[in-house]
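Both of the next two complexes hold chain A, though its partner changes from chain B to chain C.
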Partner chain A sequence: MISKKIVIVGHFGVGKSSLIKRFVEDVFIDDYKVTIGVHILKKTVKTSDKEINLIIWDTEGAESVEELLPAYLLGTHGFIFVCDVTRPKTFENLQEQLDLLSTFNKLAPILTVGNKSDLLPKGTIHEAKEAMPFLDVLTSAKDGKNVQRLFEKMAKLIIS
Partner chain B sequence: MTEDEKLSLLKTILLTDEREYADTISKKITILEETLRERHKLAEKVSPIIQSELVKFSEQIPEKLGPVITETLRMQIANSKDEVVEALYPILGMMIKKFIANEIKVLSEKIEQTTKDAFSIQSLKRKLFASFTGVKENEMVLNELANAQIEQIFIIEKGSGILLGSYSKKATVDEDMLSGMLTAIKAFVEDAFKGETQNLTGIEYDLYEIHLQNLHTYYMATAISGTFTESHENELERFNYAVSEKINKQQLLKNKTELEFLLKKNYEKMNLFKAQ
Partner chain C sequence: MSISKIQTEFATQDLQFISIHASGAVIESDNKLIQFKKQDFLQQFHPFFEIISSFFEEGKKHMSFKCVYINGRIFDIDIVDNDTEKGVVILREGTAFYNRLQEIAQKRNESLVFNEVLEFKNEILKEKEEFKDRFIGNFSHELRNPLTLITAFSSMLLKSDLNVEQESLIESIVSQSHRIKEIIDDIVDLSILKRKTISLEQKQFDFYNLLEDLRINHQTRAQEKGTQLLIQCDPTVPKIMMGDERRISQVMSNLLEHALHFSEGKEVKLEILDNQRRANKISLTIQVHCVTGIIPQKFKNDNTTIPKDKNNINASNLGLSITEELLRLMDGSLSSTSNEEGHSLIQAKVKLFVPFRVSETPVAIKKVRNELKLSQKINVIIAEDYGVAQLTAVKVLVSSGNFATEVYSDPKDLLEAVQHKEYDVILMASSISQIDAIELLGMIREFGNNHNSKIPAIALSTKSKPEELKEYSKAGFKDVIKKPYTDDEVLSTIYKRLNLKKFK
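== the complex of A and B ==
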C-alpha cells in the first residue's frame, strides 16, 4: 500500500483539527484546543482500484503560509487549504496563499475547503457555494457533511 | 417573753439547718476553687480522663480522619503541583543518585571480575583483537557490559516523513505516525537552531536512544536500548552505511516488502559488540 503526505493549512479556528478528527475517528468535539506545532494522524482510503494510506499533517493555525515552518510543507503530496465560510478574513488573499503552497511542490494538488457549512442559514448552501466559487468543497466537521468526500477526492487527485 | 425574743427564737428554729447547709456548700465551693486554681490538683482529676479520651481518639483516627486527610492532601497536591514537585525533586534526585552509584558499583565489580579473569579464552580473544584493531581493551570490556541492543530501525523519506520500511523486534505505536512525528521533531529542531547544513543526529529518552543517520533522500532512525557508547555509535554508523549501500544497489526504496526483508535479515541478529 502506498503512503502519501497530506498537509492541512488555514487560519486559526477554521476547524482543521475537527475536520481531521471527523475523518479519522468520525467524532466531533465542540471544545476548541489550539494545535501547537504539528499533529500527525493517518487513515487508509479506498479509491476505485487502490488503497492509499493518507498521513495527515495537521498544522497550527496561521494567517499566512509563510508563518509555517517550511520543513512541515516539504515533500507534501497534497494540500488542503481550510477556510471558515462565516469568516471572510479566512479566505482573503486565497490565491496568494495557494501560490505559496505550490512553491513546495508544483505537482501537488490543492483543495480549498469552506468549513462550518452547518452555520449557514438553512437552504443557502447552494447560494453560498455559488458566491464562493474559489472553494472546491463546503464541509461541516460538526455534522460530517462532505468530510469523507473531501479526503477521497484528494486521494483520487494524488493517484491520477 | 417579749415580741422580739419570740421572733429571735423563731428565726433560730427556722434558719439553723439552712445555715449549716450553706456553710457546707461554701466549703465545697472553696475546695473546688482551689482545685481549679492549682494546676497539680486539677491535673490529678483531669489527666486520667484526657488520657482515656486520647487513647480512644487515636484509635479512631484512621477511620474518622483518614478520608478527610487523603482528600485534603489530594487537593493540596492538585493545587500546588509545582511546590510538590519542587519538594520531591531533591528526594527523588537522591534516590536516583543512590541507585546510579549502586549500579556503578555493580559495573565496577563486573569489570574487576573480568580483569581478574585475565587468562580466560574470552580475555585472550579480546587482547588479540585489541592488538590488531587498536581498540582499547578496557573500552571493549565496557562495551561487553553495556549491552546495547537495536530495538527498531526505520528508513524514512526526508521531507515528507513517509516511512519507506522498518524492522521492529516488538510491535510499538503506529510506525507511520511515529515516522511523521520524528520528521516533524527533526525539522523543528533543525529550524529552531538555524542549522541549515546541520542535522539532528540523535534523541535520547530514558533508557533509549534514537540514532538518526542522514543520507541523501532518506534518513535511518535506529532505536537502541541499553548503554550506547561512542564506539557503538561508530559501529552502528558503519553498519548502517553498509546496509544503505545494499538498499541503493538493489533500488529497494520503492519496494517496501523487499526493503523490510533486507532490514530484517541485517538487523535481526545484529549485536553491536560482536559486529566490531
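== the complex of A and C ==
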C-alpha cells in the first residue's frame, strides 16, 4: 500500500487538530488544546481503485508558513491550509501564504479549508462560501461536515 | 567512576541511538528510551518514521525534527546518514520541557483567539445594528408618505359637511392613523435610545401644566373605552421643575397608554409621589394602577400568575420599552408588580431638579386660525418627487383657497423656476430625484433670483431624529414639518413664516 504525506497548516486555533481527530478517530473535543511541534497520525482511505495510507502531519499553528520548520515539510505530497471562518485574520494574505507553500513543493496540491462552519448563522453557509471564494471547502470538525470529503479529495488529487 | 565515564553517562541520559537501514529496519539500538528489536521496522512503531524513506530518497545527510509526539511522549529527533543505505536515528526525550512550553503557549493562544473572536463578533453586531438602523429609516420613510395623505385628507374631510355616522367613521380613521404615527415614532425613538445617541434637555417646566395636558390628551381615549381616568399628585411635588419636559411627558404618556390599553372599562389611576428631596434634587415615583394589565415578562419583578397573552403583546409594550430606556437615561428605573386578580402596578422612578430661581414662564404662542381667507394668493413651490406626497400637499394648500401651487419633481426644472419667477415660500421633501433637500436648498440660494433667495423654506420630512432635524435648521430651513402631518400643521407653519398683511 502506498503512503502519502499531508501537512496541515494554518493559524493557531483554527481547528487543525480537531479536523484530523474527526477524520482519524471520528471524535470531537470541545476544549481547545494548543499543539506545539508536530503530531503525526495515519489513516487509510479508499479512492476509486486504490487504498492509500495518509500520513497526516498536524503542525503547530503559525501566522505565517515561513515559521514552519522546513524539516516538517520533507517529502510532502499535499498541503491543507486551514482557516477559521469566524476569524478573518486567519485568511488574511492567504494567496501569499499559498505561494510560499508552493515554493516548498511545486507539485504538491493545496486545499484551502474554512473550518468551524457550524458557527456561521443557520442558512448562511451558501452565502459564506460565496463571500469567501478563495476557500475550497467549508468544514466543521464539530459536526463532521465535509471532513471525510476533504481528505478523500486530497487523496484523489495526490494520486491523480 | 572516572569523570569521562560520568560525562558520557549524563550527556547521553535522555538520548537513544538507533542504527537503521534505509528501509527503516533496526540494525542496532541502545534502547535507552524505547525498546526496539533487531529487524523491527520503525514505520510500524509510529508513522513519523515514514519520513526515513524520503530522507534517503532525497539524499539528505542530516535532518533535525523538533518536538515530535511519539505515543504520548515528545522527542527531538535527528536522522543522520551514516553510510550508504544506512543511517542513525537519535531520539532526545523532551516531554517535560515541551509540556511546560505547551502550558505557556496554551495561555497565550487562548487569549489571542478569544480577542480575535470577540473582535469579529463585535463587527457582526455593528453590521447588524447598521442594517437595523437602515431598515428602520427606510421603513419609517416608506410609511410616512402614505400616512401623511390619510392624516391630512381625513382631517380635511372632518371639516366638511358630514352626517353623524360619516363623522364617526372619519374620526376613527384620524385616531388610528395618529396611533400608527405614534408607533412609527416609537420604533425610531427606541432605536435611537438603544444607541444612547440622544441627550436630555435641562429646562424649567411647569409640572402641573404637563399633568393637565396629559389628562386632556388621554381623556378622550379613556372615554372611548368607558374608563375613568384619575391623575393624582402629592401636594408637595413642586410646580416648577428642571428636566426634559418632553421625555418626562413621554414616560407618563406611555404608562397611561399601557394602562388604558388593558383597562377594559375599569379605573386607571396615575399617581405622582414625592419620595424625597435633597438640596435641589427631587426623586419622584410615577405609578399607574391598571386593573388587567398584561406586563411583558422583561418588566416583571414578581412571580405573577398572569398568563402571558401573546395576542396582547403590542404597541403598548413598545411604549414600555421606550419608557424603560428613557428612565435609564434619566438615572431612573421601571418596575412592576401584579397579583392573581390581575391588578398591576407599574412604577417609574425618576430624578429631577427643583430650580433655585424660577424663570419667567414663556408666553404661549397664539395659534393662527387656519380658516383664514386671503385676497391675494400665496405662491408656493412644492418640491416633491413622490406622487402621493405631491397630491397631499397640493390638496391641503389648494383647499384652503389661499395658495397657488407649483409642483416640481425634477431639480433642474425647479432651479430654472426659481431663476425666472418669484415665489413666497418653498415646501421641500427630504430629497428630490436623489438630491438631498439640504443640498438643493443651497443651490436655490445660489442660483435663484434675489427674491427667491430670501423666501422661507420649509422641509416636509420623513426624518425624525433630532440630529437630522438640526441639520435642516443649520442649512437654512425655517421649519421642519414631520410626515405624517395634518392640514392644520402645514397651514399654521406657512402662515407663521409669512407677513400675512401683504396677502389680505
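Here is the rule we use: the second predicted complex is superposed on the first by the 160 of 160 C-alpha atoms of A that agree within 3 Å, B and C clash if a C-alpha of one lies under 4 Å from a C-alpha of the other, contacts with A are read in each partner's own complex, and residues count from 1 in each chain.
One rule holds in what follows: contacts are C-beta pairs under 8 Å (C-beta built on N, C-alpha and C of every residue); 3 or more make two chains touch, one makes a residue touch a chain.
Computed from a predicted structure; not experimentally measured.
Asks: Here chain A is shared; do chain B and chain C fit on it together or clash?
Replies: clash
Asks: So, does A:71 touch the first partner chain B, the second partner chain C, both, or neither?
Replies: It touches chain B and chain C both.
Asks: Touching A:27, do we find chain B (first), chain C (second), both, or neither?
Replies: A:27 sits against neither chain B nor chain C.
Asks: A:36 in the overlay: touching chain B, chain C, both, or neither? Say first, second, both or neither.
Replies: second
Asks: Identify the partner contact of A:86: answer first if only chain B is touched, second if only chain C is, both if each is, neither if none is.
Replies: second
Asks: More residues of chain A are touched by which chain, chain B or chain C?
Replies: C
Asks: Is A:12 in contact with chain B, with chain C, with both, or with neither (first, second, both, neither)?
Replies: second
Asks: Between chain B (first) and chain C (second), which does A:131 come into contact with in this model arrangement: first, second, both, or neither?
Replies: A:131 sits against neither chain B nor chain C.
Asks: Tell me which of 3-11, 39-47, 111-119 or 147-155 in chain B produces the clash with chain C after alignment on chain A.
Replies: So the stretch of chain B colliding with chain C after superposition is 147-155.
Asks: Considering each complex separately, which residues of chain A are in contact with chain B in the first and with chain C in the second?
Replies: Residues 3, 5, 37-38, 40-42, 55, 69, 71-72, 74-75 of chain A touch both chain B and chain C.
Asks: Show me the residue ranges of chain A that touch chain B in the complex, using the header's touch definition.
Replies: Spelled out, the residues of chain A in touch with chain B are 3-5, 37-38, 40-42, 53, 55, 57, 69-72, 74-77.
Asks: Which residues of chain C touch chain A once you look at their complex with the stated criterion?
Replies: 46-48, 50-51, 53-55, 57-58, 60, 63-69, 74, 98, 101-102, 105-106, 109-110, 112-113, 116-117, 120
Asks: Considering the complex alone, what residue numbers of chain A touch chain C?
Replies: For this pair, the touching residues of chain A are 3, 5, 12-13, 32-34, 36-42, 55, 60-61, 69, 71-72, 74-75, 86-90.
Asks: In their complex, what parts of chain B are in touch with chain A?
Replies: Chain B reaches chain A through residues 157-163, 174, 176-177, 180-181, 184, 187-188, 190-191.
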